[in-house]
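Both complexes shown next keep subunit A, but they swap its partner, so subunit B is in the first and subunit C is in the second.
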Partner chain A sequence: MAEVEEQLPLSPQDGGRGECGEEPSDGGAAVGVAEAVPPSAGSPVTEEPAEDTKKKIDVLLKAVGDTPIMKTKKWSVERTRTIQGLVDFIKKFLKLVASEQLFIYVNQSFAPSPDQEVGTLYECFGSDGKLVLHYCKSQAWG
Partner chain B sequence: MTDDKDVLRDVWFGRIPTCFTLYQDEITEREAEPYYLLLPRISYLTLVTDKVKKHFQKVMRQEDVTEIWFEYEGTPLKWHFPIGLLFDLHASNTALPWNITVHFKNFPEKDLLHCTSKDVIEAHFMACVKEADALKHKSQVINEMQKKDHKQLWMGLQNDHYHLIPGSNLEIPANLPASPNNKFDQFWAINRKLMEYPPEDSGFRYIPFRIYQVTTERPFIQKLFRPVATNGQLNTLGDLLKEVYPAAITPEDGEKKNQVMVHGIEPMLETPVQWLSEHMSYPDNFLHISIIPQPTD
Partner chain C sequence: MSLNLDTEDDFYLEENRFKQCCAEFIKHSQQIGDGWEWKSIKDFPDGYMSKTHFQMKNGNTPSIFKDSTKENDEQTFTHVEEALDDSQASEICATSEVIRYEYHVLYSSSYQVPVLYFRACFLDGRPLTLDEIWEGVHECYRARLLEGPWDTITQQEHPLLGQPFFVLHPCRTNEFMAPVLANSQRENRNINYVTSWLSIVGPVVGLNLPLSYAKLVSEQNTKTD
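The block that comes next holds the complex of A and B.
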């Protein structure tokens, strides 16, 4: 889905969503879990709260099996980053060939769709202020 | 009073009359006739359109045929969304049949995922089922099942049983509701386990749902939502919307601007989401809800 970029960070996706690319997260700094706050009664009828899409979430990447381990495991990622975007990023970082497959798993149980946004996954499956994702060169959990 | 099981059947057997037309810029050796098909709401475009592909490939040269993709009024249709969702979202308030344009060239990389084989559809379907169970049961039920049970869920979606109405291109499903060993029974023999919950609870841990709207940039809204409130009351569809998308609810003295649609109908906002999840989810165990503009006429 996302264009494969020449260098990090990745450039903005279509639709005007500004991105500044992934940044390594500080080891101990806990990013506050941003619970979705229902808009107040006075908010415009047609708009959803926009502040969610600007924030970044913490992602912890864990290697499975004999897949190479990333030197930096914790990353601060834009909520709107897709799984495909993350896959491309990891492949680049690990210097894998573009044609090599990389599978990403949530909760060590399911592989989300390539167009899934990490922000949504974090909302539903994040814990302790981060989203843990396992990555593997072969299918680990089907 | 409609039996709840009837709802399961109505959902399963829902069909959308569709007319497939080849995109005018595709190069053909002769005129391409449109192809009519009743699409199962619960299935996926690339799973049920082998005959459509064959029909149009007959009038094209082999070298002009690359991966098939579908479009409705300029919008590429995501094959990995269930057909019923695509229809509700894009065309539910337009006249039937649903007119879909077929393409074999210029695959829109930015809008669509590739679907190179049935295995890709199966993998996507099973991933959704697993994600739903992660929300409902912390994956306990799906993980306790054997591989053959997972396979049985997928096989239930296979549609190799169609009859062609003589003298037309129109096909109807051959597996009648009453016949034994049909796909519906096959599927629900396993799926019913995914719809169970511990007797001490009043429902699932969280409800697997996604809310879609064509007019926003967000692909869909999906959040954690419990079927039961802290006071023990069952949360309703209205409660869900209030929490995750209040803009969809008509204000007390306001004009109804939206339809909240699942499987072509607008469930009452008082409906418990637990009931909706058990009875009106798609086979992937998700409630796919469309918010569409209220028709003016």
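The block that comes next holds the complex of A and C.
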């Protein structure tokens, strides 16, 4: 395992709803509900090993279509990082312009909402100790 | 699944497949109580998926509205007003801030893709203006929208109901769906076009799909493997 692991330099953002499934209504049963991870409250960026609530998870980024491939594919990301935060980071890394959209997918087919926390995605879709995310750039989405 | 593959980059969705995808989607929605329903129009073969939800302007869901998913379009609004009796009035201290969102997923035969229609109004019946709708657009999409708002959200007459709705224009749907579909073909995975598509366009207008929809796809893949 000689892959380089780097830390994302951006500070973590407060996350949104942190569940695999929505709160079920009276009749329904949610599929795969996981514990919500409490978002860290505006803590500063640190290079040191993280505490429990800021524990990092391994993310493997894979390009889809004509999207440029990142030189570094494996990243150590804080659980509370949101999809939006990850999108911003990848866009900067790939030097995309603001008008270009970047989509991130789990299961190669589903785009989690921008406020979804990476930690929750890892709980639901992670395997072999990592979360595989596909990313794809696009000029258009509408 | 049958896809029109006239050119390698074109992954259009044919109408029967659209209906199948919607059926699978709604089945899952029922399992998790997500509120989507299929609506058909009397005497027409067409139909669409519909969901109504209520949200405070600051993004929270008012608790008394969580169960209001069963009524049809026109009656939902009236029903909600009737529910606002004195005992509940104090809970709804800021009723002017509650917004009723209605989302419809229709099929566009001209573009051969699904299309998202939506409208929103306050409880007093006042519809949101286009500006107010844009205020509700997630910030990560705003840069794109600000550059060309008229390319993406327009106001049109609902093809089946004949009422004004906002629409996310479908002309570029194929562009952003193609890589996802191509990838899934390469990997021999079945994906639900409507689920994937809605997961992408929904957040733009405040519609977020619970993660369990994504798990549904992977379960289907496991079963067919």
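Rule of thumb we're sticking to: the second predicted complex is superposed on the first by the 88 of 142 C-alpha atoms of A that agree within 3 Å, B and C clash if a C-alpha of one lies under 4 Å from a C-alpha of the other, contacts with A are read in each partner's own complex, and residues count from 1 in each chain.
Note that a contact is a pair of C-beta atoms (placed from the backbone, for glycine too) under 8 Å apart; a residue touches a chain by one contact, two chains touch by 3 or more.
Fair warning: this is a prediction, and the values are worked out from it, not measured in the lab.
S.K.: Please work out whether A:Ser138 is in contact with subunit B alone, subunit C alone, both, or neither, and reply first, second, both or neither.
M.R.: Only subunit C; A:Ser138 stays clear of subunit B.
S.K.: Examine A:Val64 and indicate which partner it touches, taking first as subunit B and second as subunit C; both and neither are also allowed.
M.R.: second
S.K.: Touching A:Val87 in the superposition: subunit B (first), subunit C (second), both, neither?
M.R.: In the superposed model, A:Val87 contacts subunit C only, not subunit B.
S.K.: Should A:Glu117 be classified as contacting the first partner (subunit B), the second (subunit C), both, or neither?
M.R.: first
S.K.: Which of the two partners, first being subunit B and second being subunit C, lies in contact with A:Ala98: first, second, both, or neither?
M.R.: A:Ala98: touches subunit C, not subunit B.
S.K.: Residues of subunit A touched: more by subunit B or subunit C?
M.R.: Here the partner covering more residues of subunit A is C.
S.K.: First (subunit B), second (subunit C), both or neither: which does A:Ser109 touch?
M.R.: So A:Ser109 meets both subunit B and subunit C here.
S.K.: Where on subunit A do the contacts from subunit B and from subunit C line up?
M.R.: Shared contact residues on subunit A (touching subunit B in one complex, subunit C in the other): 17, 106-107, 109-116, 120, 124-125, 142.
S.K.: In the complex of these two chains, what residues of subunit B are touching subunit A?
M.R.: 80, 109-110, 113, 123-124, 126-128, 130-131, 134-135, 139, 142-143, 150, 206, 216-224, 242-247, 251, 257
S.K.: Going by the contact rule set out above, which residues of subunit A touch subunit C in the complex?
M.R.: 17, 19-22, 24-32, 64-67, 84, 87-88, 98-99, 101, 103, 105-116, 120-121, 124-125, 134, 136, 138-142
S.K.: State the interface residues of subunit A toward subunit B in the complex, per the touch definition above.
M.R.: Touch residues, subunit A against subunit B: 1, 14-15, 17, 36, 38-39, 45-48, 53, 106-107, 109-117, 120, 123-125, 142.
S.K.: Which bits of subunit C are touching subunit A when the two form their complex?
M.R.: 28, 30-34, 66-67, 69, 138-141, 143-144, 147, 151-153, 168-170, 172-173, 175-176, 178-180, 182-184, 187, 189, 191-192, 195-196, 199-204, 208-218
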